[in-house]
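Report on one structure; see the data block that follows.
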Amino acid sequence: MFMHNEKLQYTVRVAESNPGLANLMLEQFGGPQGELAAAMRYFTQALAEDDPGRKDMLLDIATEELSHLEIIGTIVAMLNKGAKGRLAEAAEETAELYATITRGGNDSHVTEVLYGGGPALVNSGGVPWTAAYIDSIGDPTCDLRSNIAAEARAKIIYERLINVTTDAGVREALGFLMTREIAHQKSFEKALYSIQPNFPPGKLPGVPEYTDKYYDMSQGEVDRRGPWNKGKQWEYVSERKEQVAVDGGDGKASVKLPSAERGVVDRMKQRLQSLDGDPITGADLGAGPGAGSTTAEPTRVG
Amino acid sequence: MFMHNEKLQYTVRVAESNPGLANLMLEQFGGPQGELAAAMRYFTQALAEDDPGRKDMLLDIATEELSHLEIIGTIVAMLNKGAKGRLAEAAEETAELYATITRGGNDSHVTEVLYGGGPALVNSGGVPWTAAYIDSIGDPTCDLRSNIAAEARAKIIYERLINVTTDAGVREALGFLMTREIAHQKSFEKALYSIQPNFPPGKLPGVPEYTDKYYDMSQGEVDRRGPWNKGKQWEYVSERKEQVAVDGGDGKASVKLPSAERGVVDRMKQRLQSLDGDPITGADLGAGPGAGSTTAEPTRVG
Amino acid sequence: MFMHNEKLQYTVRVAESNPGLANLMLEQFGGPQGELAAAMRYFTQALAEDDPGRKDMLLDIATEELSHLEIIGTIVAMLNKGAKGRLAEAAEETAELYATITRGGNDSHVTEVLYGGGPALVNSGGVPWTAAYIDSIGDPTCDLRSNIAAEARAKIIYERLINVTTDAGVREALGFLMTREIAHQKSFEKALYSIQPNFPPGKLPGVPEYTDKYYDMSQGEVDRRGPWNKGKQWEYVSERKEQVAVDGGDGKASVKLPSAERGVVDRMKQRLQSLDGDPITGADLGAGPGAGSTTAEPTRVG
Amino acid sequence: MFMHNEKLQYTVRVAESNPGLANLMLEQFGGPQGELAAAMRYFTQALAEDDPGRKDMLLDIATEELSHLEIIGTIVAMLNKGAKGRLAEAAEETAELYATITRGGNDSHVTEVLYGGGPALVNSGGVPWTAAYIDSIGDPTCDLRSNIAAEARAKIIYERLINVTTDAGVREALGFLMTREIAHQKSFEKALYSIQPNFPPGKLPGVPEYTDKYYDMSQGEVDRRGPWNKGKQWEYVSERKEQVAVDGGDGKASVKLPSAERGVVDRMKQRLQSLDGDPITGADLGAGPGAGSTTAEPTRVG
Amino acid sequence: MFMHNEKLQYTVRVAESNPGLANLMLEQFGGPQGELAAAMRYFTQALAEDDPGRKDMLLDIATEELSHLEIIGTIVAMLNKGAKGRLAEAAEETAELYATITRGGNDSHVTEVLYGGGPALVNSGGVPWTAAYIDSIGDPTCDLRSNIAAEARAKIIYERLINVTTDAGVREALGFLMTREIAHQKSFEKALYSIQPNFPPGKLPGVPEYTDKYYDMSQGEVDRRGPWNKGKQWEYVSERKEQVAVDGGDGKASVKLPSAERGVVDRMKQRLQSLDGDPITGADLGAGPGAGSTTAEPTRVG
Amino acid sequence: MFMHNEKLQYTVRVAESNPGLANLMLEQFGGPQGELAAAMRYFTQALAEDDPGRKDMLLDIATEELSHLEIIGTIVAMLNKGAKGRLAEAAEETAELYATITRGGNDSHVTEVLYGGGPALVNSGGVPWTAAYIDSIGDPTCDLRSNIAAEARAKIIYERLINVTTDAGVREALGFLMTREIAHQKSFEKALYSIQPNFPPGKLPGVPEYTDKYYDMSQGEVDRRGPWNKGKQWEYVSERKEQVAVDGGDGKASVKLPSAERGVVDRMKQRLQSLDGDPITGADLGAGPGAGSTTAEPTRVG
């Protein structure tokens, strides 16, 4: 069960109204790398987790991320507080209000007109949050890797936001939030490597002949190699003909159909077959007089 | 530049028509952990990558994933080939066709009616693929972690599909595809650890006092600890009052508004303030006679 | 700040594995009328709310909804627990597993294959949750009405789920969750009517001549009237010609363009004007011999 | 059946080209509180409505909302008419065109480049309209509440648009549209309260012991109370231990599994259990020399 | 302005309750090729259309498509009418209701539980309608081609629905709807070819050296040619080296950066460069003892 | 199988950093008319295509579109290369960075903060790419029409981008890409008209009495006619009464329900019927003193 304390996990001190900056902050409120995505990723994993220790860790961190969602959302609300009042009370000349909400040049008009200056679960471009951002699949060795990656990404987005923010109070709070992503990544790393073995994930082993091959599918003048395809654990395959139909078959697709189905498939194929020749087309009809290049005999039209 | 060879990277041999199974296979065609997501994740990273070695690796693997997209899509097409013909030519009794497309009980009706039996970029539930699945953010130490996690997830989805498939040819092809995810994960791991240091990602260091703390936000009868919060590198914080306002402030939010904005904010607040008392509400009006519990004085209505 | 207690707000006792039922329950986990939508609706409103009493109420209820999200998600996890194990460990014959995950006929295959039996933030049809479900706009008299409506809807979805569930423990928990929606609706009703006046919402009054009119836009043999258009407060307009251009103007659209723009607009119009006549079309080319009805002079082709 | 009159319901007189303003207007064309959402909400309710009077009302208002969609879309088209011509005919210097379409700072570039200046079913941030905005669930006492709330929201969005618009003709048309939302809200209120009883919605009553409780989930220094939790109809629960496991159970989750399922669940749990200890992790490998804080014994690597 | 007549454009006679069939019908109500998409495609084009004749045609057909939306939605409502009553009144044993709503095996459970048996703007898989389905771009020669294609697609979806429907009244109504798509396609064809020239669309001509080339990008054992790449209007390019860097350049990408930017780009590149060697990775840490194939020197761990 | 050559199909020479222009270019990278949509449209069609010639053509063009995706994405990467470095290395004053990323006024802030300057699969407004853009339905005569329309649309978007771009190298590459859309449209036209007959698509003929009718649904002062409704192949129906219930029935909807279902439907109807009278409503309660117009007898309240 969740409980709530009216105090924030981190005090929010905003220096001045700034709807444009508010809008950028939405990236970590309702964006793909933001706090709702983090909270929901760990919370949903926790619900299906059977290991009591990991379940507890996931709930600890999910709950903290909800508290971070509250911090970043509160920052947005403070930065927008004045603009919200001005629009609701229409305390100014209309033209000035228009200028205000479009001045940022960064989608803050949507936040003002549609959401009334409140923090909405959208990213900084106004795209609504979607659970498609959550990549949990119910296997802990995968989900922990997903969590590690997610924390790394969130750390960088906070770093970028800090790099474009001059408000000292906001920067300080962002610094706290960024740091916690580092700490969470460490926890998830520990949890992943507490499961042994964890690679490859799952129970089924790889098919031996394809596990150590590296297919050089992109080729150019220089043959660039690195640890990802060089060394004795790799078999490097750059011959095009060894990259195709690697099972030794004909590289074609087949299905055995019962004769009744073969019959209808053939009839469909015949009905829709391409005839040879050079048919007049809609483009020919529309190319206008003298459009010689578009068909062999444009004069056949008309 | 891309080129194409008519042969598949792996020969596809499907034993018989099976629209229901076709539908499950869509999970790796147009699903979040599927081959299009993989190909586009690496391809978009490659375009912005400055390191020539990593760029080459990303293009190699992106190109191979496109070739896998072709394999899994071809499996779908083969499994649906007969059903497609039957629906297009309407070669049967109507009632039987209805039974056929709904028999699977697994959304294959959408594939048949809307997409005509062709492989569509949807998951096995019919949800269209979205770029919201792609989590690249343009920092290699993050993106490589995302790639590692993505390969791990894709490996498990293939394992699950193998576990529910009886068609030997399909299982064999799925085994190849599953194995390549293992190989790709290895490459991305090598690429990540070739960048040193890679943790924490980015340039900004964490704020020291918050980097090693673990907040015990979820509490119960038993205090469960693990490597993710135990050991000398962790400071474990379970006192509720040490979890709140950790900066030592008052845990409140504030913004300095110019007096004009303060004025409108106050006016708005006053206009919309909650009055004390026990107002009659719409629920009271709708609760019907004798609905005593919903308001203190229902007789006040009318 | 949020905190978490390992105990649930309501004990969950599930009688037996039932992946099909689990899938229906997702409707209130990740569906539009479900608990995440409720929690996020009130939480985001709370962050921007200036009235301390309403803010507190919104946080109380948001926190309780998160606790309900945990209950319904836990029900899903329990109903799926066995199926999750079977798929992960592949403890059975493949054919039986296939039957298991598609038997429900209600999208449970997606939950199993993609999400591994964990509760995912999707509705019972597998559609990912989106913040587009949240209709908060930052005005309390609107948002409270939205909350009242949302609670009413959630109550009904729980009622429907109860009506299709035979598991006694699940029914009991659903009964609790349904009841709380009633209680929350009452709170939001009280909060709405504590603001006076609250209708019409906002500051701008309606234009008097259009406020009390009812336009009878759909007409048939019988003239059906009701409290929504009958009585002295309504002016009923059923003459078609009084419904059009109600401002007394010509009902047309106009814009004053500078002459330079008028020029380009005219050029565009001329370039793209429709010529009179009976042109041969692509449909004519494709209609085949003797397709007399599709064009006046099919013989003109070829 | 629908019919159409070439005249608008309200004459549209736009003073001058203004692509930036056009873009804001899209909020009520293809936005969540806009006219398409309104029309489709009532239209879909009408189709399933059995009460002939309400069905007629829903069709009346749906038809009027379609007519409003036409008005607001026409305003967009007029405001964009000049810009559309300039881009299509490329009548200017390229640099000036670039400036034109990005000048607004409010997403008008998308409207111009992608939609060619025509009104598109997107909101003012360019997000495509989705039926996820529609919250009808097929119960009239819920749907009417949803309609009341929707009209209230739409009224406020029009008020905001009026507050930022200086074009007199546009303001006048917006005033008409805003006013009609007030009138529609009144109709839906009358329709709701014509159904008695309408609270709680549906047939199932609430569970008595949970109907009148108010759980004080968010707590702080001050205990704020209001009509939503104060008065004789409320039982106010602020003790944390009375908020948890309110059914008197242990607050845990359980499911009875057959022994075969218990077996696989146990095997899975064992395979994926967390080992105690302090494993070296990927973060340790990546932390670089001297990164003492991230693991207890970094020297164990290598 | 729109008006409405209570009569349908086509009488709907449904033989019996059939929620499963109702669900399939949703494909043309809220699906991508359905009537809402059609109506909105033509309606939005009409609003921005300057040619009075085409504008009138677009409004004629948009209005008819809305009338078709009403027909198909009414069919859904009739097929679901009984099921809706049963679920709302819970007139049966719970187990039987569960069976009823999941029996179809085709997502009808979502329609029942979430939408209460009313027609919802979703496709037959439950995916909400989105304006992303609408491809209008504000150029009539493009939009008319889009309309032609859309009508062709809608015709086929109706054909498929007819092929799986046994209810005579539903088939008859579907036949009418299908036929009207044919008629509309003819109108749009006439309208397209009334604009001359209409190919290529727009004002800018193609670059001559690339207009008639056909690049044979997919190659196999057999060289298949057809009217699309054969004949004197085509220059067929199958040599791989003539397909790459066709402008005669080096096929590389370059940008001129000011020296300050070159500096930071170089610093970033250096910070994130890949080191050579064979680093121990997370996969190595997780591969378990004896996992020889995953790294050259696994013994280096620990 | 796909292969990749490190060289681009067309050399990319960008004159200078320009994040604002980069953002516009995204329209053809991840927008609805962009290269991914094109590639995936043809690729998915190819997989299900049985005609070997058409399949080869679809793969040729799909592969070329992937190569174009690479070109346009590379242009984005070059235009953003400097900005990416500046943000990652934070080489400037914070305020200047903020100005940089919001200066464009065209959503480039999203590209920078969220995607780090890399090309993301979003349109120029930041909306993620979705497979809902792809309209393939598995019938070649429809899909080829869809392809023709798609190429026409893409041509125009490139034309618009050229019209707003001053960078000579970018313009040249855009010119190449635009030209190839013309060539592809020609190929698809040839392929469509190689299938005879191709109109109407599919096997079922239209119902004769509705095939040639044109319903004049939108009426005004002037009767505008054109080739789309004029000529001997059209029967023009403008009488309103001939447009309704065109089958000669009563224009109503009916379904035969078994008596048990009739019973529950009647009970539901009775439970939810609208009562006559003039009920006090929530709006009355909220309208405040003296709000005479909102109800007939406001004094009844209180």
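Every chain is named by a letter (A, B, C, D, E and F) in the order it is written, and numbering of its residues begins at 1.
Throughout what follows, a residue touches a chain if its C-beta (ideal position, glycine included) is under 8 Å from a C-beta of that chain, and two chains touch if they have at least 3 such contacts.
On a predicted model such as this, the values are computed, not experimentally measured, just so you know.
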**Third chains touching both chain E and chain B** = A, C, D, F
**Request:** Please state whether B-C or A-C has more C-beta contact pairs across its interface.
**Result:** A-C
**Message:** By residue number, over half of the contact pairs should agree; on that basis which option among A-F, C-F or C-D is the same interface as B-E?
**Reply:** A-F
**Prompt:** Copies chain A and chain F touch; is their interface built from the same residue numbers (over half shared) or different ones?
**Reply:** different
**Message:** Distance between chain A and chain B based on Cα centroids, please, to the nearest Å.
**Reply:** 8
**Request:** Starting from the mean Cα coordinates of chain C and chain E, work out the distance between those two points in Å.
**Result:** 21
**Message:** Where in chain C do residues touch two or more of the other chains?
**Reply:** 1-9, 32-33, 53-54, 56, 59-60, 62-63, 67, 74, 77, 84, 88-90, 104-107, 114, 116, 122, 125-128, 130, 132, 137, 139, 141, 148, 156-157, 185-186, 190-196, 199-200, 202-203, 211-212, 217-218, 220, 226-227, 233, 240, 243-244, 251, 265, 268, 271, 274, 276-283, 285, 294
**Fill in**
The residues of chain F that touch chain C in their complex are 141, 192-193, 195-199, 211-212, 226-227, 230-233, 274, 276-279, 282-283, 285-288, 291, 293-296
**Message:** Considering only the defined contacts, which chain E positions touch chain B in the complex?
**Reply:** 20-21, 24, 27, 31-33, 104-107, 123-127, 156-157, 160-161, 163-166, 217-221, 240, 243-244, 251, 265, 268-269, 271-284, 294
**Residues of chain E touching chain F in the complex** = 5-17, 32-33, 52-54, 56-57, 59-64, 67, 74-75, 77-79, 81-82, 84-86, 88-89, 91, 130, 132-133, 135, 137, 139, 141-142, 145-146, 148-150, 152-153, 155-157, 159, 162, 172, 175-176, 178-180, 182-183, 185-188, 190-191, 193-194, 199-204, 206-207, 210-218, 220, 222, 224-229, 233, 240, 243-247, 249-258, 260-261, 263-265, 267-268, 271
**Request:** Quick one: which bits of chain B touch chain F in the complex? Just the residue numbers, please.
**Result:** 1-9, 30, 36, 40, 43-45, 47-48, 56, 59-60, 62-64, 66-67, 69-70, 73-74, 76-77, 80, 84, 88-90, 114-122, 128-132, 134, 136-139, 202-203, 279-282, 285, 300-302
**Item:** Sites on chain E touched by chain C in the complex
**Value:** 1-7, 50-51, 53-54, 87, 90, 94-95, 97-98, 101-107, 109-110, 112-114, 116, 122, 125-128, 139-141, 148, 185-186, 189-196, 203
